């Protein structure tokens, strides 16, 4: 079945999301539409990229992801469509797609080359028709002119040495959990059987848990989450209120000699 | 495929929306249900009518729109169903349907004539079964007794003379954009090649843009939006916080002699 | 058609809900997914149980309800699946399922016995695959080892004597209506033609309405709602702001001798 997912910053009190869905259904009523989220903060590319990166691979290969976040972009940003890790993406070339995967895209086109539409609502007028075509099996090369590259933004990088891993909080989720960009893999390669200290704000911890139940309610739990990223939480509590950590806060793991 | 859209003021923390959907599915599991919004402010007919007017025509003709906003209505308001611009609508006769189109309805019936249900949850108990029947191809005349008229409310009117168009803000959207009731058509007929001034609050502007990229981030952008209505925004900002405008504020366009 | 409903406390700004849906679709793209709510307050079992109890019977028998609320549970809580009133439920054995029905479950299994997955995201990794299997017709006994009982919590009880019914507010809904646990049936058995007084906070009322239109806008309306539970509201207003009542407040009905 052809699936189109929607990820927007349009909220749910307006007609915008329904207009995108209606356009898709009007072109091809057989398409299954799945919401990823419409609660991305307006124009918050980092938020949207985090969510999309975290979930797109869960969908079947060939799924089309329509991204209506900062859809108008900056001056000169084109509407684009691309294939990446066997998924399709349609949206503005505003830097977002460079943040969702470390792999190179398979195909990339500019949608501007086949549309002359001037619109203040590209999600409905440009992205939706392109998404339907892709979901219906039309190939990218029939939808626009090849583009060599899309816009990249410099993402927050993890620094890893034999002595220390330095990362940062890349997402405060709805539960108040603090998700960092420190991957399980880097930790496992470097930690071996060494003693280590996790440090953030004024706090120091000596243990990474494997299960929430290793702590009591209200205690700090540090674990590699379902994305295999280091996450700091308060079991049944709101870590973001209690630990003095926020988006972009530094988190380090230091290994003893 | 039979489509029923839902537009309610029920929010998403309760069982109400799911109960309506479950009722529809239980009667006919083949129906495609699409949410328009459940974030209409309680009993806010103007908000609901704006959203419905903005989006219903995007859906395929024959779509059934179930409207659970101020569903209990005032004393004497009947549950009704109507056909309008080849779409079907089911809801309370509370004045909302008079605000969504300037065309005359094609058919109108009272659902009260075939139901004796006394209910505090008409969306589930009256509107949902009627919507399913309509979506399944049963005709309006089989669902109730013809009604000559539905309740009309006086909508905010635009005043247009050769010298000036006077309108007002009819919706502050989730981005903080201020959408007015001034249509592109009236402006185009009256402006010709005249110089004009747009005025609201203490502000005066001399240009209507055609593209967000004609202004820099943080600047005021004034354009005819995807609904062809005059809209005032701050590019990548929140106009409602910055321009001293709110729902119902007056906006004028004055033409130079 | 196979239906899986989702009820979670995950909110809508993250990837969690989409990840659960994507997992379901990836296993069986023919399944119809319906959201009950994702706006349950984190780990709020009472809120989730109220909503689920209020709506699950509206869905067709055989529907599978995936409950991702307090999904990690307390130490020792197992992932379970059960059949109850001809519906299926999958979630954590955290006490929630004991609150949704007064009937005894038909079948109950532990999902832990067939999975060795250690996960911080059981909704996606354990509940979703189990829900798909149930929706696809696989029987509970093929999914895990029978369990004799699930965890029960003591629910707030209504006390009813010939002289008085004493209940409490069990849910403040999105409109600000106060829904109590006093059932219509108890009232009808005890009231006969007696004069009665409804009392809460400092207020006393002598009438239970059958219709919102028996009061004027802004007045207090007391009726048995669509769940046949006593509900206290302000017609077109927000009772929770005006009546000094909140979750857990006591409400009594006293019958005159």
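Each chain gets a letter, A, B and C, in the order it is written, and its residues are counted from 1.
Just so it is clear, a contact is a pair of C-beta atoms (placed from the backbone, for glycine too) under 8 Å apart; a residue touches a chain by one contact, two chains touch by 3 or more.
It should be emphasised that the depicted structure is a prediction, and the values quoted were computed from it without experimental measurement.
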Can you tell me, using the touch rule above, whether these chains form a line, ring, star, complete graph or other shape? complete
Do the two copies chain A and chain B share over half of their interface residue numbers, or under half; same or different? different
Starting from the mean Cα coordinates of chain A and chain B, work out the distance between those two points in Å. 32
What positions in chain C touch 2 or more of the other chains? none
Contacts from chain A onto chain B in the complex sit at residues 10-19, 21-23, 25-26, 29-30, 42-43, 70, 72, 74-76, 118-121, 124-125
Note: in the complex, chain B contacts chain A through residues 1, 3, 5, 32, 34-40, 47, 50-52, 54-55, 58-60, 171, 173-175, 210-213, 217, 223, 225-226, 236, 238
